[in-house]
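Take a look at the structures listed below.
In what comes next, chain A is part of two complexes: it sits with chain B in the first one and with chain C in the second one.
This part shows the complex of A and B:
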């Protein structure tokens, strides 16, 4: 037929899906991708820098301060900020700058440590309970339900009471973790119930991928944004718990300080020496705010559907 | 009980367009619909115009995202608030655009009615069918209670629901999917509408049920004299029901013609491509399917010029300058096409195989080896899987069993494709899952590569996993959205302890094998189109060089033009790698095209098993015959003349206790038998008999005399 002419005349073939390829494969790692997408978001970078600054302050603050947190200046009681005492002093003569630096490092450590530990334990146990169906799920749910009804505040108080001295904060972090994961684990289990029915989880199972690899590679990353928000809010929640316990004299105990204990000291003299309350409050807000920004940035970087980095 | 009817007698073609000066009942002019989205304005419909004459059926075809559903929803005024609709929609001369919700409600359900795709969610579960029918009637008519009841019974009777008076009190969950769709049609025609819009009304249904529902829709149209807009992606359905067809692409109509003209002499390359890409259930020739390269454009930023130009093999530079209008094709003024080369193409009578080119299929390495000499890859013998039915809250007791799989036997040999076909509830998926578990089945045996999986030690079972891989139906959910393609493909390789360098090389190889650019390995699955994702899933399954790949409806989630490319890919892979496929699908046209052998399943049993050609040309089981006759053929000539066996009723519940043949309750052959032979069907379970082409029927249809049972087994 003469028609073949027609198809050739002026026809430009559509792009074929596979181009010519020179054989070797170059690729960007997953971590590099996430970092690239994270950095693309300005607010996340601001949050990261803010957190870095706070960490630097907690680490190097005590070194540059004129006074130690545990050496009160009896010649300057309840003084406003000055060249000698940058953030002023408390009614007892303690340097607020030194106190805040020390308290921030304690609160940061307790908050971040216990929040990370809670997320880790909750994610692992929550997904395991959902993934290994059958008797494991039944026993696991029974244990979770039992743990939920234990009055945790009381137990934490009892545990930290028995611990004393400078190691007390570690015990506090551990106690917060021990009773904080149960509720999260239940939430994560419910989310995993729908994840475990997805085809890619089945596909991995049929490929012979081990159960813990499936949990690590498919289940936990797909809970990613939930976990990140949980960790971030967990820091805030842990700092709150720590403050509340410290306020009651059950958390961090003297001579150790935390943001909570300084806040408690400050709120009684808020009218006469407001700087005692102001400085730790500002740092507390900065800490939670930076965590929030980082959390948002990370969620968008990890989530492939997010708008932040379609081109990566 | 069962009727063999001739489908689509051309008798009630009421009016030709333009004849007798009949006014269109629905007239759409230059309809534009756009949505605001984060990515920009989505221009879903761009300039659709059509006239709908009373009693005629307009088929709107197109792939997903072509704007066909949005068109119908804007006619009904059912679009979201963020949609901007421009143009004109006139129903019997009255403008509908710009009416308030209240004013529109007077027309909806009364002058125009809609049948939705999903019958499961279209009915309210908490009201009885009678209440929902009465609601439709009461809204627009002033009827007494008795009149409402009588009319409801009449409507249910019209759509073929048995015992209509009693069924009025039933709730939607007591009906099957097909029955619910009948109820939807009854509600749609309750007020004698002038326009019925059916949006993919049979897509969610099985083929035998689809045939029933299409017949009901035709009856409904005859009774009400309504014009029907039939929206579907299935070219076979359109060929059977439509008078005129509108083909849409990227939000615009690209071709409009009478159904015969469109199928016989398409003028627009896209229409030709669609017709070339769809597999034919009625042809056995080993023609290669012709895929359309590329994917439809994004509706957010459309290219300048014809939107089909980037995929069109006959596109010229002129095509990329301006978008062509829908204009009559020279020589046939009834046919409209939006293509600057349409006249040229129509004049030369060009068909798709001259426009679209396709690579030759790869030669099979096992072509010369007869089936009997090939090693069996999978042998399933008398497989059983029953799920217990329990009752009671605290003290659970077993009250029966759902026999999901009840005695399934088949084997798959090296390098061949066995298709498992059956309607939903026939046990295809359960069979697959039992095989993939690689554990001792509840009953029967499964042997992979000659090894009985029940007797395997743990380590060997793990090793056997490598030989058995799966491709799922939905490429959206079968790839972890959080892993880049590289990690997706590396996963099975890691399991089998490959080194990093080997994995790297293998992935580059795999990407090329499935026709993807190896540089795209860093992309996430969401950055690929559906067809490309399915290619990734296929690459993953092939990564460890398995002997058998289970394909669970691998193309049913894809558009026709994409589907053809994936089917061709599977053929090539099988030919070069001599891997065996166990192919599960409900689409018989795809099966005829893609498989060498076919096993037809009904209620957990294989009722017929044999070479695809033998089963399709000379089916012996009455169920197979009915199934095959129900498949719509994308050819209006064939659709109009062929005989169709319409099965009555639905699939019985798999929990029901059936002692005899499972198909006896719907069997057209049994109905013609004398009572003593019927007795045998009711009491004795038939088993698969025969040599190469086996059939489980006491009175199979003989090859010499199809239609009547002549041979007694």
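This part shows the complex of A and C:
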């Protein structure tokens, strides 16, 4: 009995749209609606395919490459692209194709991991600061503001500087998370201010539901769309910081490879072997741009007030 | 006035706490001893300890003792400590700020003015082709990582130089002319500044374009603008008189923070174009395990942020009649 009630409640939810098809009622769920709106945007679809291609390249690239990223070809130093080395080689003889495939998977991994972690921490702490009003909110806001005083890039650079070797990228992802969540948490706290006044949140509170249950069951789902968009766009920000730090020699360090370290290697040979710069730059821009397109598409697809045109 | 003073007091406390945290973090993560251990031949331990202690960064001294020593120096003598090479940090920083300001001033002004103008222009032409083209361009430049953008500009400039057969653009440094002719000096500075200015203006400009467009569109659809249109004002007049001004309020906050960034410089751009500004100094100091210098730069950057926040408060209160300082 309880089960049927639940499905009924689900079916009458306001975000379910009924579509007439030859007289019989055809229901469109929220997810289907979002997918349909997303697919209607050409730029979003292009972004999604671009991302799929990049992921495929990062996964299968090392398998099809003639050379590994860590086995330099000493007979071909600083060679232009050829049949043997598709994207050319660096001055050290490393195959740029293999480097880019490896670096892309590193950058993607760091970007996605830290963006997910940032969203999680920011959502939890942002809603907590808003939900426990009174002194907790005042102290919490003060702490958040204090953490924002010093530019986070400087603090991340300090931490990642000492990390090196194969595990260095994990430290980098952790550092990006540790100082990247503060701004988001402030934004989410502002959004929660109106959510905490909702009737059913009050009701749950006075029924004696635990605060973390309310946060998990009522506040976070209400922020769902914001969180999804933020996670996608957060990948762009995280990849950008990762590249910048690695480019400066402070993030991912040799022997590990990221797109930033390839750029750093290419910087000194701009004149003599520009292909070392070209390939990673193209892939990097493709990565951030596809994420941005997907994020923009999702924003329009999820936003119930979207004026992107068309029906539903 | 009392409101501003209270804000100021709060900001000073925040800056103090944030800087202290940075000091402890830097002391924990940075290891200046390794500078000496990596030298060949390795100096004797006693001499390493002596130089580390002289710079107050010896990891054998308890960190609280070092912190206290450092704090007393900063508060009583405005002495921000020494580098591992025994150079005073304060002097090194103040000379770098000059280079950063030279580099950033023009780029910041250009970026803000162009960004806001394009934002207004595209908001008025929402969904027309000008808006679509400029919008996609800005979105593109917004996500291009700074190293890629800067290196791309460098490659393009070298290509133009080669095509022209002489050096029109210089890709490193701020000066190379050492004579006393003022005009040659100015054109020399210009040749060096063009490329980093392009990079920095693009970076600043695109954010202003996209945010200003959003803000103006928000106010353009507001009720009072519709009222103004309904009483017969032409669209342009209605926008100029009623929509533009409120849309500039959030932009003002942004401007305050961008202006503060002029003094802290641009890390990536300074590195690519080999300009000895504060951003590049920060990277060198981190690479060289220079605890005192990194903390001082972080403190300076924090102070700039807070001054900007204070300026933003005052500016908003000044433009926005709805805000009262009380």
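Please note the rule applied: the second predicted complex is superposed on the first by the 220 of 312 C-alpha atoms of A that agree within 3 Å, B and C clash if a C-alpha of one lies under 4 Å from a C-alpha of the other, contacts with A are read in each partner's own complex, and residues count from 1 in each chain.
The rule we apply is simple: a residue touches a chain if its C-beta (ideal position, glycine included) is under 8 Å from a C-beta of that chain, and two chains touch if they have at least 3 such contacts.
The structure displayed is predicted, hence computed values, not measured ones.
Of the two partner chains placed by superposition, only chain C is touched by A:154; chain B is not.
When the two structures are aligned on the shared chain, A:271 is found in touch with chain C, with no touch to chain B.
Touch criterion met: A:250 reaches chain C, while chain B stays clear of it. Of the two partner chains placed around the shared chain by superposition, chain C is the only one that A:260 touches, whereas chain B remains out of contact. Looking at the shared chain after the overlay, A:198 reaches chain B, while chain C stays out of its contact range. Applying the stated contact rule after C-alpha superposition, one finds that A:285 touches chain C and leaves chain B untouched. Partner chain A is touched in their complex by these residues of chain B: 38, 293-294, 310-317, 344-345, 348-350, 354-355, 357, 436, 462, 465-466, 468-470, 472-474, 477-484, 486-487, 491-492, 495-496, 504-505, 507-508, 511-512, 515-519, 521-522, 524-527, 532, 537, 540, 544.
Across the complex, chain C is touched by residues 142, 145-151, 153-155, 157-159, 161-162, 236, 239-240, 243-244, 247-250, 260, 263-264, 266-267, 270-271, 274, 277, 281, 284-285, 288-289, 291-292, 296 of chain A. Note for the complex: chain A touches chain B at residues 1-4, 6-7, 9-19, 21, 23-28, 30, 33, 198-200, 202-204, 206-210, 217-218, 221-222, 224, 302, 304-305, 307, 310, 312.
Across the interface of their complex, chain A is touched by residues 14-15, 17-19, 22, 25-26, 29-31, 139-140, 142-148, 151-152, 154-155, 158, 264, 267-268, 271-272, 282-283, 286-287, 294, 297-299, 301-302, 305-306 of chain C.
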